[in-house]
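The structure under discussion appears below in the form of structure tokens.
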């Protein structure tokens, strides 16, 4: 199994979710993060003083997949999250040692 | 002092007077000076009523702020509805019970106020419409106090039913016995409660107590060891804003209870002001010494305690006494809040302490500090400290006791009846999840659906239905 | 009843009177009784105006609460500015158009109110300053209603321009035809609208409708299947607090429209109170049956609907009728909100329903329930249910129709003109990100820069500029 | 115009009059017309006082909104307490210092107001109770202004002490010299400040400046390069709501300063309204041109600036001049806020600019625009633009200078004394963590303990104590 | 060492914390996430319009453990987070390459 | 490639960010978490009742680095986040199977 971690632009979440579903991924976990990278934050003005917001809001996805689904799922994320502009984000794939579905106690690939 | 006459008038003879007024139109309109005074009296009491209605916003904010965000919509709804339904209930039946044509058996005035009677344009001094408007604002206050103590675990439907009955029945009976000229006003030494420390506030406070007891505490309020655990409110800014709005409203509540525009109004306002400030400062200092840090919501409770305390004696006492009475109110509230915690009665906002306990203190304080002849007292220097002896103290004790018994029994039966029929408390699951979604359909603080997934992701990842029934079904691929 | 005279006076002859007043200083000052009544009249209407201005805070909160947090600063700014700019626009031109010296061709009164005229200290009954103050509060109300329906997608600059024109032109023309003594007041059976269900509220409501139509719905409001999707508001506490403030303000709006301090004021207040409460309770019950759960913001809309409904008929109808009219207002608003959803007109706050649709209902209700001779009616028992026949119904229908046509056409042209020039709607990117940063420079709910990285991290990780232009440039190491 | 007489009366002779009143009870009560006017005068000033007290909620919200959420409880507490303690301090000593029996050496009136004097029921025109109530509301205003500039870094205890002294001493001395009939009122061309642009607002503003200077800026306010960095406020909705409440309160502040119910009240209200609106619109436009985007909180500051500016000249100038004076106030505030940023004086809410700088502008504007004989002027056409020459300008300059010196020196010494004893500023750790928990025990926005771990997890994972002392101890398994 | 990542029902956090402690785990890091999976979100009604809340709030746990503790810890989570209903969540175990305790600079198993 | 996960004290974020940048790290993703461990939460008082806040707010960092940068980056975090007091937090290093830069589709080390 693989754990796919992706940092994407927030408004892409819907499309990424659909893309994952269409390749057979059955679930995911999503959180808000602040991204630092090449894409700079915004310059804002408040009461006459400019300030840089130094981070860019991003969405962090975690998707647990079986080994055979991993590359399709990565491709699906890559395509659906792509805009071509700076800040599209990254996908990181990590090998999973074991997985459990808490409800049933299933382990390994069955847990996915 | 000549105030006595006016207030007595209101007290014992009001019902009769109103009936009279309805029968005999058009007086008082000739002399322009008099006519203007008449308009001024009515205009002022109407404006005072508006200030009292504004207190609804204050109550809503204090309660919302002292509870958790997952219940905020429910709390605002309760406060909106106890006012709206309460005013209608008071118009339909409550007012008649409270102030209807006294001795006259059949001659009730005010049944279905909506239908008749308040369209008269004369009155002495108040028009029926003015008097009803002001009294309706008071009735709404009595009702809304209960909400806070029952917060975060009461079914909305049940709250709505309760709310109807307190303004239609429980509070009006108190009115009848007191301001309505009933038996407590006809004792040799009649009861005294100028603006309602007991009549309004303790009615709310004791009903709140019964509600809190019968409901039981919120999940998590008491640890396995039985020790109270803090459940911090989600918005202290709302609490203080609410308290400040209540403070403003009190300048309608107390000075408006003069029921006239006269030269005593500013004095009533001044004593109200000083008592409130003394309550806030005292509560803060006492709480600071007791717990090591000055809690903001306790200081806000202290402000309200000072105001509740002075509500009964405001007309009868001197200015310095107002400060003392308010300060003692602030002192009491600090210990009372901790006491109810220890008694395992869970009152998230301190309503029982502020309105019940301190309201009782304010009422009794008359027996100590009364110097002016005001609000049914019928004599000067009635207070113990002014040589008035214990006469007034017995009366005040009877008054608060009878009142306590009536309200706790009536409200207790009401809550038990609701519990036995439609149920009083939400399920533990709902309580943990918050009442907003289950009771009202959506959360009080909605999130932007464009932010975390907007709609279509649902379609992608979820089946048709909801979480509900346990299922033993296996994997999900 | 003697009220008719006073209101008629205001209606048909006001412009002329004011002109007269300016010309003839110093009357009325001799008799002390009269002088005090004069001061009281003016003081009360000024205070009523203050209550109406307070409604601005209510409108701001209701709108802010029913929309998303990313637009909250923009919404507060719009509400601040439609008041500020609106009052100035009304002072410079609107007031003159609305109430200027009637028949007299050249004799406009009120152009550039800032410069002359209001410094007179006599008037009958109202000083020019008092009358203007009260009317300016009304003008600001008409303007601000529109804001809610156009929320979350309108350019601030465009809103500002629109806001100027509605108070400078669209609303004043309505005034001229009606309260200004124009043709609708001169029909055989003149129009009747005591405090402005149509004149004020429906002006805002129909302009809001045109704004919402011409803007189009918010992104995501309607699914690909065309079905309306909920976009939950971010703060229901604000919504209910706002509604309660509006409720309080209405006690200036309706009773203040008496334009005098007299014995009818408390009755107007009472009918306002009961109608509002009936609206809230009815909307809640209807919505509960319809959707299975009592929505909090719909109940708040119901309160406002009851108040809008009674605004026109409040002087003419009996107390029981006020309850009925308010209740029907509450009923209408529930279905109207759903109807506009189905019509794909996206009104986040329900402004079109509350002010446009229910305002129209309130105006028409006079033709059914009017019994007293009030507000231009010129006769008692004008209502259908009191044997008055259909005369008043035709008039009221003409009135609301002509008004509807004028406002929709004028506001429609105005919005189209703005759209064609400076543009009406923000870019989709801005709409998704929220208007606060792009329109006003920083978010309404700022985060503590000390919390997630404070400044220097920027320098470390980011290039000089902003996200902006797409770039094909590769890796970043 | 006959206003001059009335205000002068208040000015120079008030102290004496009050003493007189206390001595000679019962006049004025015979003629019903007169009696009603007397009640109306007192009722109106009491209501105006209530409106001014409502401003406390506005100040609290503006300050809370413009600062960070981690300090919100502390900010609300400060605002609650500067009012509560301030009113008591003013009652005990401040009022006596400000208005005590003038020339008469021993004849102070008002010491320990709580104990004597205000219980009289006659007065001309105001009852002692009414006058005190109104003045106490003003004193609370002066005190609360300071809070904003010192926000987010001041020890609560120290703020509480300061707050006592400003209402007990610093502000009362200003009163004594001015409205109390002191030397500034006895100059050949006496000072003029109708409702307190300098006396109230600049007292708060300059004391705020000293506080901000002596405290130093918040951590992170200025970069290593010395450039000001924005620390965005956490709730712009609160800011605008607060500003709107202040706007409403100002209709008590300015028109109430007439100290009578007369025909000038609505005019004072109208000029207040127009100046405020002009301030908001001007600040918005200027800020928009200057910074590229219209900042919401600057527009709110502009509204307040317009109101502060017109506070002194409102009685003396024409309506058009009110608009000009308000607009210039709005213009000044934009540049002043940036100026204090550049001077490295950290004022999170702009209090120094709005109340100090613009208050001074408003006071000086009298010397330019005064046309009516009002508020101590003693003559018509005193303004430069009306041919009055420079006489009034010298007086006004002396007035604002002497006032500036007194307030900065007295407040400076007070703050230095507090700093040297109990300390003025919290520790950097506390400042970074937010004041709520350390000063008051728990956060202003509490989280639901049921949400992230509820209590028992603590027991599981943590040792008994707190984070505290550094420890060199190793691993934790 | 292993890094155990678990998505659980929020109200189970307390019990899971206790269970972990009882098997000798000394710390954990906890965050809020939105979970998508078989368990559907709630249907809510707002102003007469129904809408699906498409995610379910979950708690995300991260627990760093030594290899020998890993399976006990996984079992402890599984048991304490179990309700048997849909949406109980998943446990994912990932091998850790290295770990550091910042305070002491300890590396590897000592850092846990 | 390695994925470095670190739990640090919030006020150290700025310094850690600078330290990472100075050793050549080009981006990171940051989120808020609640930490449980040796460092106890605060005791607060609310309306007369004491209560323990059982968690300590921490910042969670994720940094994707190439293998050669990994140990320098870990050292940089360790040094810059260090105070020597309890609660300084942990650094966890996990091996990455693959990584993608969404914008360009680059894989492996190029994606970092």
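Should a chain be cited, it is by its letter among A, B, C, D, E and F, assigned in written order, with residues numbered from 1 in that chain.
Quick note on the criterion: a residue touches a chain if its C-beta (ideal position, glycine included) is under 8 Å from a C-beta of that chain, and two chains touch if they have at least 3 such contacts.
Predicted model, so just to flag it, every value in this text is computed and none were measured.
Peer 1: Chains in contact with subunit A and with subunit B: which ones?
Peer 2: Both-contact set = C, D, E, F.
Peer 1: Note down the smallest number of touching-chain steps it takes to go from subunit C to subunit D.
Peer 2: Counted as steps through touching chains, the separation is 1.
Peer 1: With contacts counted as defined, which of the two, C-E or A-E, has more C-beta pairs across the interface?
Peer 2: A-E
Peer 1: Please compute the C-alpha centroid of subunit A, do the same for subunit D, then give the distance between them in whole Å.
Peer 2: Chain centroid spacing, subunit A to subunit D, equals 52 Å.
Peer 1: As a quick test, compute the distance in whole Å between the mean CA positions of subunit A and subunit F.
Peer 2: Distance between chain centres, rounded to whole Å: 18 Å.
Peer 1: Would you mind listing the residues of subunit E that make contact with two or more other chains?
Peer 2: In subunit E, 11, 17, 26-28, 30-32, 34, 36-38, 44-46, 51, 55, 83-87, 94-95, 101, 111 touch at least two other chains.
Peer 1: Which positions in subunit B are in touch with at least two other chains?
Peer 2: Expected reply: 31-33, 36, 40, 47, 229-230, 232-233, 235, 291-293, 295, 432, 441-443, 446, 449-450, 452-457, 460-461, 476.
Peer 1: Quick check: in the complex, which residue numbers of subunit F touch subunit A?
Peer 2: 3, 17, 26-31, 62, 64, 94-103, 105, 111
Peer 1: For a test of understanding, state which residues of subunit F touch subunit B in their complex under the given definition.
Peer 2: 44-51
Peer 1: Which of the residues in subunit D come into contact with subunit C in the complex?
Peer 2: Residue list for subunit D touching subunit C: 1, 31-34, 36-37, 40, 44, 47, 51, 68-70, 219-220, 223, 229-237, 239-241, 243-245, 247-248, 251, 255, 261-267, 269-270, 273-274, 276-278, 280-281, 284, 291-296, 299-300, 303, 318-320, 322-323, 432.
Peer 1: Can you list the residues on subunit F that touch subunit E in the complex?
Peer 2: The touching residues are 2, 5-8, 31-38, 55, 58, 60, 74, 77-78, 81-95.
Peer 1: Along subunit D, where are the residues that touch subunit F in the complex?
Peer 2: Checking each residue of subunit D against subunit F gives 432, 437, 441-443, 446, 449, 452-467, 470-473, 476.
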